[in-house]
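Down below is the structure, laid out as structure tokens.
Note that the chains are named A, B and C in the order they appear, and that numbering of residues resets to 1 at the start of each chain.
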Amino acid sequence: MSFLTIAKASKSYGATTVVRDFDLAVGKGEFISFLGPSGCGKTTVLRMIAGFETPSAGHISIDSRDVTLTAPNRRRIGMVFQAYALFPNMTVAENVAFGLKVAGADRATIEARVKDMLALIHLEHLAERYPYQMSGGQQQRVALARALAPKPQVLLLDEPLSALDAKIRVSLREEIRAIQKQLGITTVFVTHDQEEALSISDRIVVMNGGRADQIGTPFEIYNRPATRFVASFVGTLNLIDVTVADPAAGTVKIGEQIVTLKEVLAASSGETVTLALRPESGSILDGARGDTALTGEVVSSNFLGSVVRTRMRVGESLISFDMFNSPGFAPPALGERVTLRFSAADLLVLRD
Amino acid sequence: MTVADDLLNPPSQGGSARSAPAGLPGAKAPRRANWAWLGLLPFALFAAFFLILPIVYLVTGAFQTPEGTFTFDNLIALTGPAILGSYWLSIKLSLVSALLGAAAGLLLSWALVLGGLPRWVRGAFITFSGVASNFAGIPLAFAFIATIGRLGIVTVLVRELFGFNIYGAGFNLFSFWGLALTYLYFQLPLMVLIITPALDGLKTEWREAAESLGASHAQYWRMVALPVLSPSILGCFLLLFANAFGTLATVYALTGSQFDVVPIMLFAQIRGNVLYNPNLGYALALGMILIAGLSNVLYLVLRSRAERWRA
Amino acid sequence: MKISRIVSLVIVLIAASYFLVPLYATFQFSLQMLRGQWSFQAYRSVFADPNFLSTLSYSAVTSLVAILISTLIVVPTTYWVRLKMPRVKPVVEFITLLPLIIPPIVIVFGYLRLYGSDSLLPLTVSSAGTNLMLVIGYATLSLPYVFRSVDNGMQTLDIRTLTEAAESLGANRSTIIFRVILPNLRAAIVSGAFLTFSISFGEFVFASLLNRPAFGPYLVQIGQDRAYEPAALAVLSFALTWACMVLMQIFANAKPGASRRRRGAAFNPLARRKTA
């Protein structure tokens, strides 16, 4: 039974359609991320759930109540914005109390709830501070507490981590996820950062050009991307154009080398198809396992800290692969010929 | 510093100037400092001779007899009914015109910034406001006489079309409310010019955050927008007050010396139309300086209370 | 949504009529000098008056000299303060803003007493001295506007970096000021100049108390003696103010850097600078 339902929602501004036929059912307590590049319509969908935009067509319901035309202040949603949007004229405690105050809660209730919320985000000691006196990470935690204080039905997070430093971004996203699980609140999270989406969500909606390209768990999205767009947007991916040798046997040619796929190809012999391979799928180390091998010439090798990313040329294609760094490991030299071993099952045939 | 200072000078700017590196430290530093002060000399001299000293001269003169001995008589004379009445009239007129200007200007700015009207409307009003806020003084008085003077176009039109004589109904351009209406012509645009950027500074997210938390429009304005705007509104109000308080030409062109607001009274004193006592004149001027100063102090006090939340 | 739009439309219409009706009425009034017909008789009468042209040119000259004085004082000072003494900037700013707070009549009263016939420096005794007092007074009144305009200009220019760049290329001080800083500041200076002009041009208090044959006192005189000419003069004055502002806008937008400012900013030396 879904808690938040979006049915055939579209949004157009004049001739431009930014969201088309968007369908989504979110279960109670689920954490859903909208992932996509800027302009893909993810924020527009979020704002339609919040009520700041009215869908041009379609319906939105929360807890079996149609809210498509309900004003934002009657939807019982909590929203966290990219730029914190704390009220600058109020202290932390006053900010958190705001939703309860406008709802007409009595003083004791407000005080108790504010205390709970500040404890939840571990900022009890900053209750009397003003927003300008706090760091971005602290402000965003307060914004989260403020959104949660009136016990909303749905929590909406609009790129809440984008304005923060890398380190705080990681710690805060873990904190958000922990609080979300603790409260069991249905949450929609908008981001353009795939790592963020993969690490935090129950399910991810990958959006492209106003549509949902794929909806699935992070594992599915990453390992079984449905479209070329999803494959290229989520994670780093080698895209390899190959020539079909024998469709029935699943063999293809990369340059002069033959690779046998685990599936039957729909294309005919001589046609070009695109394969995808994750850089972490293979290894060039001696004794690496894998039923498939490709040999090529190293054209670049970059030390990225925990991993070494190497690029080799096979026929016309460039293939990158990552290997964990270790003190005993010497990165391959430029021009060296290396053999990459991997499992043919990791090769995805992409449809567009 | 002053109302004007703050309005014209957002905090971030002052900060950037101050945080600039102040020259290289080293052996040459003291000599450089001496040179640096010399560069300020022309300005310092000009300001001293034509701004500071004249004011100081008047202030000290207010505490002296014509023979030069110290006295409080001039200040005591200020409390005479005529002068006190004149101050009260000036304060009332300035308050009313500043209140009208601030309220109307805020409404107009709101309509221009947040009213969802086409962009060019805003551009047109801002441009016009730039002109109108400088269209004060005598030509403005003439324009209002031609409009709603006894024979003004609008006065005549209303009488002919509706058979309604606005002067018969108690309106008079050459009265308190007539002056207030005339002042509005430069006060309103001045308010629009200063408050529009402040309204631009209201973030859309604040309204959306408030709405998502269940607040109505009215609650948002009462609890967030107006408190955030209040230092700016307060500052503008006091600037409008000072603007009206010092206005002379418009009143003079409308009413001659009949309507004795303080500047008119001082004008008459200087012209020698009234029994001339320069030291009483100094006291009148001192009163005006004090009111300007007091309104600034008041502004600072109120602002510090309204603005605890600002860095 | 819709309601707020209707409300703002009503507000804007009321404001527009408040602003425009007096202008139109004045114009119509100025055409009614001859009974029963529209004519430009009032304008002809104004232009035929020798005092009109003489006071007008007197005021134009004094305004121009005032612009010269305030520019000569403000530009080097602002440059110097920004470059060498950023710490005194608040003080300079405070002083330049005083004329907005202290009523003009107080300032001119101070001049009259401080430089009167029995003072050490009796400027107001001679005609030349009084003229000097008048232009100095106008320069003082214009300080807030000129300073604001020039300071904004230097802010967008980042004159410190410009100066250092020029120095590193081997330019000496006068080259820097005349070849680098001033050309780039022209828009800001011209903006301040037009504002000064529109303020001092029809100014009444200083001119009247210093007893100068300026346009402001002439206007008052006409206002007392005539019926239709004042309306014509009001129309002409408004046109002149408008021309000043439009020219200012054109100059302000003619330069790179200045064009980035929000539309209308040039009209508005009092506006907060964008803090973004």
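Going forward, a residue touches a chain if its C-beta (ideal position, glycine included) is under 8 Å from a C-beta of that chain, and two chains touch if they have at least 3 such contacts.
A quick note: this is a predicted structure, and the numbers were derived from the prediction, not measured.
Under the stated contact rule, the graph of chain-to-chain touches is a line, running from one end chain to the other without closing. Interface comparison, A-B against B-C: more C-beta pairs in contact at B-C.
Centroid to centroid, with C-alpha atoms defining each point, chain A and chain B lie 54 Å apart.
Chain centres here are Cα means. That of chain B falls 17 Å from that of chain C. Multi-chain contact residues of chain A (touching two or more other chains) are absent. Along chain C, no residue makes contact with two or more other chains.
Note for the complex: chain B touches chain C at residues 1-5, 7-10, 12-14, 17-18, 20, 22-23, 32, 36-37, 39-40, 42-43, 46-47, 50-55, 57-58, 61, 104, 107-108, 110-112, 114-117, 121, 123, 125-132, 134-135, 137-148, 151-154, 184-185, 188-190, 193-194, 196-198, 201, 239, 242-243, 245-246, 248-249, 252-253, 256, 263, 266-267, 270-271, 278, 281-282, 285, 288-289, 292, 296. Of all residues in chain B, those touching chain A in their complex are 203, 205-206, 208-216, 219, 223-224, 227-228, 308-311.
Partner chain B is touched in their complex by these residues of chain A: 50-52, 71-79, 81, 83, 85-91, 98-99, 101-103, 130-133, 143, 146-147, 150, 156. Remark: chain C residues 1, 4-5, 7-9, 11-12, 15-16, 18-19, 21-26, 28-30, 72-74, 76-77, 80-82, 84-90, 92-95, 97-107, 109-114, 136-137, 139-140, 143-144, 148, 155, 160, 195, 198-199, 202-205, 208-209, 216, 219-220, 223-224, 227, 230-231, 233-234, 237-238, 241-242, 244-245, 249, 263-264, 266-268, 270-275 touch chain B in the complex.
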